[in-house]
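Input: one structure, supplied below.
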Amino acid sequence: MLRIKNINTYYGKVHALKNVSIHVNVGEIVALIGANGAGKTTVLNSISGITPPREGEAIFGGVNILGLPTDQIVKMGISQIPEGRQIFAPLTVSTNLELGAYHRYSRKNKPFLKKDIEEVFSFFPILRERMNQIAGTLSGGEQQMLAIGRALMSKPSLLLLDEPSMGLAPMISKDIFRMISRLKDELKTTILIVEQNAKAALQLADRGYVIETGKIIMEESSKGLLNNKEVQRAYLGKEKKEIWE
Amino acid sequence: AKKVDLKEPYKIGCLFAFTGPASWLGEPERRTAVWIEDKVNKAGGINGHPLKLLIEDTKGDPTAAVLAAKKLLKEGVLAIVGPSTSGESMAVVPIMEEAEQILVSCAAAEAIVHDPKTDKERKWIFKTPQKDSHVVQKIYGHMKKSGIAKVAIITDTTGFGAQGREQLKKYAPEFGIAVISDETYGPKDTDLTPQLTKIKGTEAQAIVNWSILPAQTTVMKNRIQLGITIPLYQSHGFGNTKYAAAAGEAAEGVIFPCGRVLVAEFLDKKHPQKKLLVEYKKAYESQHKEDVSTFGGHALDALNLVVAALKASGPDKNKMRSFIENKKGFVGTGGIFNFSPTDHTGLGLDSLEMLTVKKGKFDLYKK
Amino acid sequence: MDKKDSLTLLILTVCLVIFPFIVTNTYYISTMVFVGINGIIAIGLSLLMGYAGQISIGHAAFFGLGAYTSAVLTAKLGFHPWGAFFLGILLSSCIALIIGIPSLKLKGHYLAMATLGFGEITYIVFNELTDITGGPSGIGDIPKISLAGYTMNTDIKYYFFVWAFLLLILTFSLNLIHSRIGRALRSIHDSEVAANAMGINTGKLKIQVFMISAVFGSVAGSLYTHYVTFVSPSSFGLFFSILLVMMVVIGGMHSVWGALIGAALLTILPEFLRALKDFEIFVYGSVLLLIMIFLPRGLIGGLEYLFNRLIKKV
Amino acid sequence: MILHTSKIKKTFGGLVAVSDLDFTVRECQIKAIIGPNGAGKTTVFNLISGILPPTGGEIQFQGKSITRLKSYRISSLGISRTFQNVQLFSNMSVIENVMIGRHPRTSSGIMSSILSLPKKRKEEKEVRKRAMEYLEFVGLGDRFDESPENLPFGKQRLLEIARAMATEPRLLLLDEPASGLNTKETQNLSRLITEIRGRGITILLVEHDMELVMGISDEIMVLNSGQKIAEGLPREIQENDEVIKAYLGED
Amino acid sequence: MPLYSQIIQYVLSGITIGSVYAIIALGFNIIYNSTSIINFAQGEFVMLGGLTMIFFTVMLKFPLVIGFPLTVLVLTLIGIIMERFAISPIKKPTVVTLIIVTIAVSILFKGIAMLVWGKDTHFLPPFSGEKGIAFMGASLNPQYIWVVGITVVVVVLLSVFFKYTIIGKAMTACAVNRTAASLMGINVKRMVLLSFALSAAIGGIAGIIITPITLMSYDNGAILGLKGFGAAVLGGLGNFYGAIFAGLLLGVMESLGAGLVHSGYKDAIALLVLLLVLFIKPSGIFGVTEASGFKKF
């Protein structure tokens, strides 16, 4: 479905991604894990065209998307939940959701959109309560839910998730991971997920990549990664977990 | 040009506000100046010396005027004509006094030529527009004859309007007139019904609208709209056919004192100003496809004066100065100038004519 | 002040001293006097805008307050010019305090509007208080100022006089920037909430820097008055306020040097463009636009870029 | 007892974000506040640090009321904080960000700054030296000259801690310091927090990472809809049914 | 004239001047809503609208019904050109650079208008005569009815557009967060272009309908823009009804100030009211405090 090959991305002079290659097959959940500042967000931004790579190749559904503007990439069915939420702060919750469906908006679609909004509300009931609240005054967690809901509104075939559990209460983040697998099962959405909570992400995913200072250093099935000593030590923090469990 | 170029040109500086908020003043002045330069040089220059005008834009800004004046002085001009507005002139005056160079201003304020502290005329400074006080006296004189004792004045907030307002208030008692309402309006005001409503609420027997701005036509229109019927006097700042056109019917019958440029064709054949006025008017209107105004005339008079001084006394600033200061019977568009050491304006009450608007055209006011 | 600043300051001083010996044309000297006067206000405004991040589109008012205090007190009431000079500073800073307390609580465009409104009101007052200010006709015949027995009655003398002030003010400003206070100012620019939480009394600091910039404006106004010896309201209107903001931004908001360069450019450019007559406005607008498009960090940003490239090459 | 609130309340329009909350933080404690999203934890921090004025109630710090004080006053009294949405000064270098933290502990005013008096210059040197120490303390010593925007998210969080430490607080409020950190980085953070406490600084912590919270807190308070639903030792909280229902969720 | 009908006259005049301010304020709000830019060239659109209308109807003698749409079309194009050549080339726009850019553009427009139309003040005949209409002892210029009427229509259409259409909402989203907006599949550049076209068109309409009252010259843009900006801010940036209310309030304050206090101070009185309101309500009368807090300068 998506295949990026040897992409190089720069921030000015900073060489953030070095020959990164990743592929995502239809119906898969792929996790991308790595330390702080390794370049995870940059990978997602390179795919969605927010920080276009300087060189490389990016094929989505057989079409070359390298160098296309973000809005066109989104229209082709890739939707990204950006790091740090980036909701439309002064607008209401429901307007935020509507805008998520911007590119499929038409008079004909209106009834469906209503249904889709309802669907989002059933995932995140708190959003229904806050429907007419200005989004900028939501608490951090509520904003994250809104961001996810908004991305779902575009009915993407590939969803890029950047740290969806960040700042969420444990129960909610469990819910979110559950929901992500529901997305895969029920809507057959393909997902590329970036997570700090590597364990949760890998438990969810079919495959995983490990990125370190802009380079992919490992690619394996999630089981393989979960059992890898190296990965356990660096990202899963096994010993500590046992202390309080 | 013929052999004129053989001699060194006489350089005269001009400071006109041909861009900025006073450009409707500076632009006709600039056009007139260019016309004169051409005319003088075609006629063989001044004693064989070609005339060279260095025209600088002052943008209606005193600071820009100061710099422009310094620039001109540095380029060795023999005298400076302008600036267009009173404020700019006041800013340039000290420079000229210090440099001991002639300035013939095209702005009206009396303080330009008259130092209120010493109560003397400033040595190097002259001006060509009529004195505001004369205009005021002319208006009040006319009112007195018509039995008007209570007036409302409405003036604009430029230097021109402010000077007028001051003089109107100062001379009223002399003519037994009471100013019972005193309103103002800004250059960009769009609706003056509040001011006029207030005037309507008083017992004024006439209104004086003293302004040099396009907005003065709004006073005329709003007055008709509010159904105010008392006579309307305008200042000489109304001397611009475009204003009369813009006010349309609202301008019919207004009364205002003005120089004779606007009514050149109605003047008696033997009137000393007739020849000059008709020639200027024709030349200006054929060249620029627009009606002549009094403002260009101020520049014309100022330049002619300097040229005459050069002709009579050569490029010696002291001699030129005393030539101008003692010049009598000099025919200009604004009137017949009679300068003296105690009068650097040189115009009397007789330079003004009472005009009115008849069928959209300026005409001599006859009662 | 860091080493780079001290060095630049030294070079600037030397250039300024040499300038009138090379260029004797009083017109150029006089242009430089206005560069100095505008530079003084622009530096003050850059402390407020570039460092503290508070816009003011009403700074012509402080310039006008200084100018009118000097004009009215010396020409009409016979005060000593220096007395009037300091009373102008006092008046400006008091008004800055009064106006600053409520205004600086506003943010962004609302602050822009409030300062703009204040500037316009001041301008109207200059126009309307005819008995004091002479109204639209202004005040003329203002005496010259003198220092240590020297009357500043020639362009050259005034040139040195104004630029001495400017250098002093520049030094003060550079010192301020590289201090605890300067740092605090910059923090307000980025996040007022965080600055407050770090123990910075942002409200007070904003008012203080507003007052400093008002004082600089007043100083420039007094210097203007005694140079031109005529004041009228038209020099202190909205247009001049906007011009000041443009000086700061075109020069480069993030540095007081930028303000100085901006003041120089926007004072000298119109003199350069004089020859263009009616096309001047058009070209002037285009130049401003091009600078902003190609040098969004202002002229100083461009200079820094060139400088860094140069260093790299060497 | 370093901090004590009684019946503090905050409403936004009709919404009650914090309602009649009483709690106490003891000297040298690490106390955590947990609770669902939107429970009012950040709001409590905003009330303590003076960023929002409370609708009602009283807050006492070291026995003195700080209820109506402006946030800069509170900060100089010794309460410092970090932000949930990182709020660094992006136009300043990393070290300057920390130097800002020294503001309430230094004194040179406008006049001595303008005139660059010797006292000010000495103070500047001192401030830079201290700032560097704090940077090294959080492990950012080698990146002092960069722009904070170039730091990865997690390092920005550390920088905020260094900046807050530089004000020499008695009480440090940390709002979700571990969000965006991976497990290993979170372990380093918990070591850092314990070390800060070791310096005699009391810590009030808001965090959703239960490993961190349960690992280092001496006491935990649980908020839900602006109200306290439980308070106690980590072990007690983990077993509290109400907390499990409202917040932790069942596995 | 009795005092009560004087006061009615003041209020009526104030309302009519105020609607001029209001319609100019609308233009500010459109661009602000979709880009959070304050376009200081908005007044210039008004000036160009008036002068273009004069060109079509006075110089070329086109009838009103043709001159009007033609002028609006020309202005739309001008808006597009401005966005393409001045706004979109700016790489990292900050609020202050954009302010300066729009000021530079306004200087440019002014210069062009001066070269094209000269320095004179131009006049446009009113749409339906200028005989005052009597109203409760006061008198009303018929052109004012045009101004008020067209303003009302424009406001209603605009607020429907921004509140209820997805394009309108998308424009607002662009102002808030461009990256996020593009992640919704919104073509941000096109939205910005659209907003400039729209507000230039509305500026043009404003110019057309007010020129018979205000007269028009190349340098009128700044002052009109200023009053419009004042109304936009006072009403709460981005709020259309706020703009109308604030425009009328400013107009009435001016008019009452001129009538009851002194005409010289009328602008000062209106501005003083504006300042006092802002000091009490820092985000304008209808501005949302929270929402304004999100925008950093």
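Order of writing sets the labels: A, B, C, D and E. Residues in every chain begin at 1.
Just so we're on the same page, a residue touches a chain if its C-beta (ideal position, glycine included) is under 8 Å from a C-beta of that chain, and two chains touch if they have at least 3 such contacts.
As the structure is a prediction and not an experimental result, all values here were calculated from the model.
Colleague: What chain is the most remote from chain C, judged by the mean position of CA atoms in each chain?
Modeller: With centres defined by C-alpha atoms, farthest from chain C sits A.
Colleague: Hey, which chain ends up farthest from chain D, C-alpha centres compared?
Modeller: B
Colleague: Just how far, in Å, is the C-alpha centre of chain D from the one of chain B?
Modeller: Using C-alpha averages as centres, the distance is 73 Å.
Colleague: From the C-alpha centre of chain C to that of chain E, how far is it in Å?
Modeller: Here chain C and chain E have centroids separated by 31 Å.
Colleague: Centre to centre, by mean C-alpha position, how many angstrom separate chain A and chain C?
Modeller: It comes to 50 Å between the two C-alpha centres.
Colleague: How many angstrom between the C-alpha centroids of chain B and chain A?
Modeller: 75
Colleague: Counting only residues that touch at least 2 other chains, which ones in chain E make the list?
Modeller: Each of 114, 262, 264, 267 in chain E touches at least two other chains.
Colleague: Multi-chain contacts only, two chains or more: what residues does chain D have there?
Modeller: As it turns out, chain D has no residue touching two or more other chains.
Colleague: Hey, what residues on chain A touch two or more of the other chains?
Modeller: 137
Colleague: Would you mind giving me the full set of chain pairs in touch?
Modeller: Every touching chain pair, ordered by label, is A-D, A-E, B-C, B-E, C-D, C-E.
Colleague: Using the touch rule from the top, collect the residues of chain C that touch chain E in their complex.
Modeller: On the chain C side, the touching residues are 49, 53-55, 102-103, 105-114, 116-118, 120-121, 124-125, 127-128, 238-239, 242, 245-246, 249-250, 253, 278-286, 288-289, 292-293, 296.
Colleague: In the complex formed with chain C, which residues of chain D make contact?
Modeller: 49-51, 70-73, 75-76, 80-81, 83, 87-92, 96, 99-104, 106, 108-110, 113-116, 120, 123-124, 127, 163-164, 167
Colleague: Going by the contact rule at the top, pick out the chain D residues touching chain A in the complex.
Modeller: These residues of chain D touch chain A: 12, 34-39, 42, 84-85, 150-155, 176, 179-187, 208, 210-211, 214-215, 234, 246-249.
Colleague: Within the complex, which stretch of chain A touches chain D?
Modeller: Contacts found on chain A: 11, 14, 33, 35-37, 83-84, 126, 137-142, 144-145, 163, 166-175, 196-199, 233-237, 240-241, 243-244.
Colleague: Going by the contact rule at the top, pick out the chain E residues touching chain B in the complex.
Modeller: 1, 3, 6, 9-10, 13-14, 16-17, 20, 114, 118-121, 123, 130-132, 138-139, 141, 210, 213-215, 217, 219-220, 223-224, 254-256, 258-259, 262-264, 266-267
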